[in-house]
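Below you'll find the structure, written out as structure tokens, and then a few comments.
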Amino acid sequence: MENVISLWHSTGLYNFTGGQAFMMLVGFLLLYLAIKKNFEPLLLLPIGFGAILSNIPVAGIAEEGGLLYYLYFGIKAGIFPLLIFMGVGAMTDFGPMLANPKTLILGAAAQFGIFASLLGALALNAIPGFEFTLKDAAAIGIIGGADGPTAIYVASKLAPDLLGAIAVAAYSYMALVPLIQPPIMRALTTEAERKIEMKQMRAVSKTEKIVFPLMLLLLTILLLPSAAPLIGMFALGNLMNACGVVERLSQTAQNELINIVTIFLGLSVGSKLSAEAFLQVQTLGVLALGAIAFAIGTAAGVIMAKIMNRFSDTPINPLIGAAGVSAVPMAARVANKIGLESNPHNFLLMHAMGPNVAGVIGSAVAAGVLLSLIK
Amino acid sequence: MTELIGSGVELMLVGMGIVFVFLAMLVVAIKTMASLVQRYFPEPPAAAVVVPVTTANKTDKATIAAISAAVHQYRSKN
Amino acid sequence: MENVISLWHSTGLYNFTGGQAFMMLVGFLLLYLAIKKNFEPLLLLPIGFGAILSNIPVAGIAEEGGLLYYLYFGIKAGIFPLLIFMGVGAMTDFGPMLANPKTLILGAAAQFGIFASLLGALALNAIPGFEFTLKDAAAIGIIGGADGPTAIYVASKLAPDLLGAIAVAAYSYMALVPLIQPPIMRALTTEAERKIEMKQMRAVSKTEKIVFPLMLLLLTILLLPSAAPLIGMFALGNLMNACGVVERLSQTAQNELINIVTIFLGLSVGSKLSAEAFLQVQTLGVLALGAIAFAIGTAAGVIMAKIMNRFSDTPINPLIGAAGVSAVPMAARVANKIGLESNPHNFLLMHAMGPNVAGVIGSAVAAGVLLSLIK
Amino acid sequence: MTELIGSGVELMLVGMGIVFVFLAMLVVAIKTMASLVQRYFPEPPAAAVVVPVTTANKTDKATIAAISAAVHQYRSKN
Amino acid sequence: MENVISLWHSTGLYNFTGGQAFMMLVGFLLLYLAIKKNFEPLLLLPIGFGAILSNIPVAGIAEEGGLLYYLYFGIKAGIFPLLIFMGVGAMTDFGPMLANPKTLILGAAAQFGIFASLLGALALNAIPGFEFTLKDAAAIGIIGGADGPTAIYVASKLAPDLLGAIAVAAYSYMALVPLIQPPIMRALTTEAERKIEMKQMRAVSKTEKIVFPLMLLLLTILLLPSAAPLIGMFALGNLMNACGVVERLSQTAQNELINIVTIFLGLSVGSKLSAEAFLQVQTLGVLALGAIAFAIGTAAGVIMAKIMNRFSDTPINPLIGAAGVSAVPMAARVANKIGLESNPHNFLLMHAMGPNVAGVIGSAVAAGVLLSLIK
Amino acid sequence: MTELIGSGVELMLVGMGIVFVFLAMLVVAIKTMASLVQRYFPEPPAAAVVVPVTTANKTDKATIAAISAAVHQYRSKN
């Protein structure tokens, strides 16, 4: 009898708090979005599952001694996002960007979304209930970088409490890029602009692809060493792939290693979706500001592309500016699709890949600035 | 509060400045590099890659080819 | 000369203790069973090798600062068994069980072996030399779950000193299932019963396979959160495989990740095969009780199947009850083989897979009960 | 000693009870789920495998296709 | 303005020290050697990159809390070199050595390079500026083992400060084997000796290949337990491959696992290439002695092969003695190539593989002696 | 200093001694093992010959082995 009572006292039903139940629903919602809506499933499925696991009463999976507690160390120490960034680097082809380097400027412009939403977060403090510090605001702004590992890395350094909400927002909006971007892109461009065909790109030599990551690293070292962990690991992965002499390391970095780390990272991020941290009015702010960041970044990229088109000797289709937010390769595909609607013979995909990968560099640079200036 | 906003505005100006300066320098660096490479290490677009790749990664290439063949076979079977 | 003497004093020959020598023999025996007798070689080979390495005098491979000391942390923290369980989940097809859910009851019945041998361990205390605590008894009983990661997980929490013996017993008896089960199955069934043909199963939709792991997790959360780490990771692996949208994570979980963790887990388990811990009369008790647990579990499964066959509207071949102990897929194959002996047109394999995978859930539930009630 | 055996017996009764209750509830849950799914999300048993797999991994497939196309293109170009 | 100044103060340009700049150049040089000269790129690329990353001012990637700081734990604890050795063991075929066991003696002779350069390091102390302890000298000598993981393992135990220089020297000279060895081989052999054709080898059974790693381990345990971690993990990998029943573990050990660990090990070794540790006159000593160690090892192997040829009933081509330094499989290929120059019908490759893999055992044994005798 | 050199010389003598003794014992052990195996566990040379002789293309073999392992693994899984 004693046992039965003690067993009843150890059930989830007896111990549930409303917050835990709600966060589990959030977890199931993320699983639904991942599986049924195909929202960045590689990340949102483990994140959603981690949210469920960490909110189970009694089990203590995210508390000291639990699995997610140990895995979270990989985020706290910055190991997981950096290893993922290495794998992403190994998967990235800088060819289109090297063929048309001025598209880098589009990748710079789109980072405006980061700083605009940073400012937005600070402005939200005017509303009672919001009390974002500068660190919080910077971590929220980085959602606008549209780059998962960068967002997680920055949030884990500046605002670990917001990490769950920030990661969820970042990956959700990346999945929503095909919905968020097109109206903005259409509103800011004329039909004539969308019809612009771009010049065939030159071929990029293997040497250039090998030298580029080293050059990128060198510039980072000289100017912005606080971005060196992110850009360094990205450049390492890219170099491993480009140089062709360590093929087996490159393959492992972009397959098994990134897969293992993705499972662990997703679960650990999910473990930050606790009721105390997530069920705050601040979370609504994070979600709203994240969407704004994506929208502003898209607009900034398109407008910059329009300006460049005016002054450039070769035509630039403004649609490819939207790809500057990164969200590789989704944003480039969106640019291609909108371009095809106006001109069925206009394939913008490769042209949009330039600003797209430049956006990854751009947001890593922005992350370095934030990490360096905000103490 | 206003002070915080001030810091934010400053951060935005400095931040976007750095981002632009950094990527603009990268543009210059890429262009310089491209012209240096094309002058001093010209590669005939067709052959250039074929030769070093086949000597360096011969086995790796073969491995990858074999694996991808196996994968195709597997997929077609399942 | 000094060097030569100091060298002689540093040889294994000079430093060997009888216990270490004996444990090394145990290690070599395990290697022999793994390689020549094909006894669960994926686990018993690393376990045997770990036993040898950890009993080398002077080298201190399992002592602080040694490789196995560090690897063992993965067991102490519960990380390795849970990651293996995730991989096993990704490899498990619940289709046959979902097509015929009442076979779950067979997976429940077969867990009787766990509790019977728990009781047996306590009864053994009547014999001088045995002093099993309730925790020890529970850890021994779980051998009857016929599921390696579950046994290791429970033993690492309740009775780390017995971990080596328990893991060895669990994997050895799983390998011996084709010898242990058939006589019991034949003794408890009539020729007519063994000839029973079962109805062709219905097809199970993909949606059911996706919903099931979530439903299983939900029930665990509500009723038995102490089983949530085990069942949660199992459900995660299963969901990753069933949902089809994270194929690369699922493949990594059931291949490279489980392989890496298996090597580490095996070596670390082996490091618990030290002379002090293993060369106890208790170990004989563990080995004997483990065998009893398998036998009783098998019998309970068969008897329950006979009862169900009496009351069921569709015929149930009692042989499939034996598969309820889990030992996937060996026990299901044994049921199939014994069935074919009596009726060469009777393929029970798929029907036995239902109770077989149900047994995995059953023993994880039993583990949850033990972990929850025994403090 | 007897007390310990008593705890063991109690543990056995409670434990087997929980295991049966849990798995029995799972049986009910599975049956309910199956009938709900068959009513609201019916899948033609044959097509069931073919259709969802292709839709579900569409992006992965597309990605792989795109990547391999890119690789081929890259190789032929260089 | 404040921000701008603070940003300038956070640039690499402002914070660079001469030492850091120099070490970065060393890192870039290693990348150049790896990518353009194909010098052991699998190791030298990550090592070079690690050298660059760890010398970035401000970023602190190799300091407490940085990525390379955490990764370095895997070397400090001996985990990475041992896991790599397991993978190497799985890749090693002892067939040629088992077919012709007397070639093991060649693998013994070539270890003379280790002890000669150990002595050389102590002699260098006569020159002001050099102050090598016995531990330092032993760690330097092990470069002559021509075996990366063994050198890193020993250096991490005896002389962590020299680890960077030792690892770089070991891998560089392994890459330079085709340049270092031929002149020595030609100088010590006559044209007639180089023309010697060797007898076709006998076939080696699978049983022998399974028993050998266990026998090797047993001998190590009895005689030299201090070599047991190295030889144990090597034997484990070899056994996993030879036994054929744990194919999936063996494949993972020699592919994904070794690749992951190679990336981590390389980066961590690179993190030991700091200005303080590397920019010492001692480093020049390490580099010089390493080259001498390779040369003396080669000579000792060739001379021993000449002696054996005189007393053996079957002819032995002295060139295969050079393969005894290990540097698998480069040294065996060199022996084959030089042999072909004198006699175009003389294929020495398989005959040279015997001393080649024996050299791996030989240097692990030498490592055990050093670790055991030097306190 | 001289003392250190002395230790070094001693280390060299002992070290090379151990290395030779160890590998010489291994030679004896291998020969004993080989004759025991050939007497008590003889294997038809047909299968054995193929493996060591072709080690020249070790990588190709390894590749094939890896692929066939992968294929087997796939098959056993599916």
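As written, the chain order gives the labels A, B, C, D, E and F, with residue 1 at the start of each chain.
By our rule, contacts are C-beta pairs under 8 Å (C-beta built on N, C-alpha and C of every residue); 3 or more make two chains touch, one makes a residue touch a chain.
Keep in mind it's a predicted model, so treat the numbers as computed, not measured.
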Length of the shortest touching-chain route, chain B through to chain C: 2
Distance-maximising chain from chain F - centres being C-alpha averages: A
Pair sharing more residue contacts (C-beta pairs) when B-E is set against A-D: A-D
Separation of chain C from chain D, taking each centre as the mean of its C-alpha atoms, in whole Å: 21
Rounded Å distance, chain E centre to chain F centre (Cα mean): 17
Chain C and chain E: spacing of chain centres that average the CA atoms, whole Å: 41
Per-residue overlap in chain A, given as positions that touch at least 2 other chains: 3, 7, 38, 203, 205-206, 223-224, 245, 248, 251, 256, 369, 373
Sites on chain D at which at least two other chains make contact: 11, 14, 18, 56, 77-78
Of chain A, residues touching chain B in the complex: 98, 101-102, 104-105, 107-109, 111-112, 114-116, 118-119, 122-123, 125-126, 134, 137-138, 203, 205-208, 211-212, 215-216, 219, 223-224, 244-245, 247-248, 251, 358, 361-362, 365-366, 369-370, 373-374
Residue ranges of chain F in contact with chain E within the complex: 1, 4-5, 7-9, 11-12, 14-16, 18-27, 29-31, 33-34, 37-38, 41-43, 45, 47-49, 51-53, 55-56, 58, 62, 66, 69-70, 72-73
Parts of chain A lying in touch with chain C, wherever the complex brings them together: 3, 6-7, 10-13, 15, 24, 28, 31, 34-35, 38, 41-42, 45-46, 49, 52-53, 56-59, 61, 65-67, 70, 255-256, 259-260, 262-263, 267
Of all residues in chain A, those that touch chain D in their complex: 3-4, 7, 38, 93, 95, 203, 205-206
List of chain D residues in touch with chain A within their complex: 10-11, 14, 18, 56, 59, 70, 74, 77-78
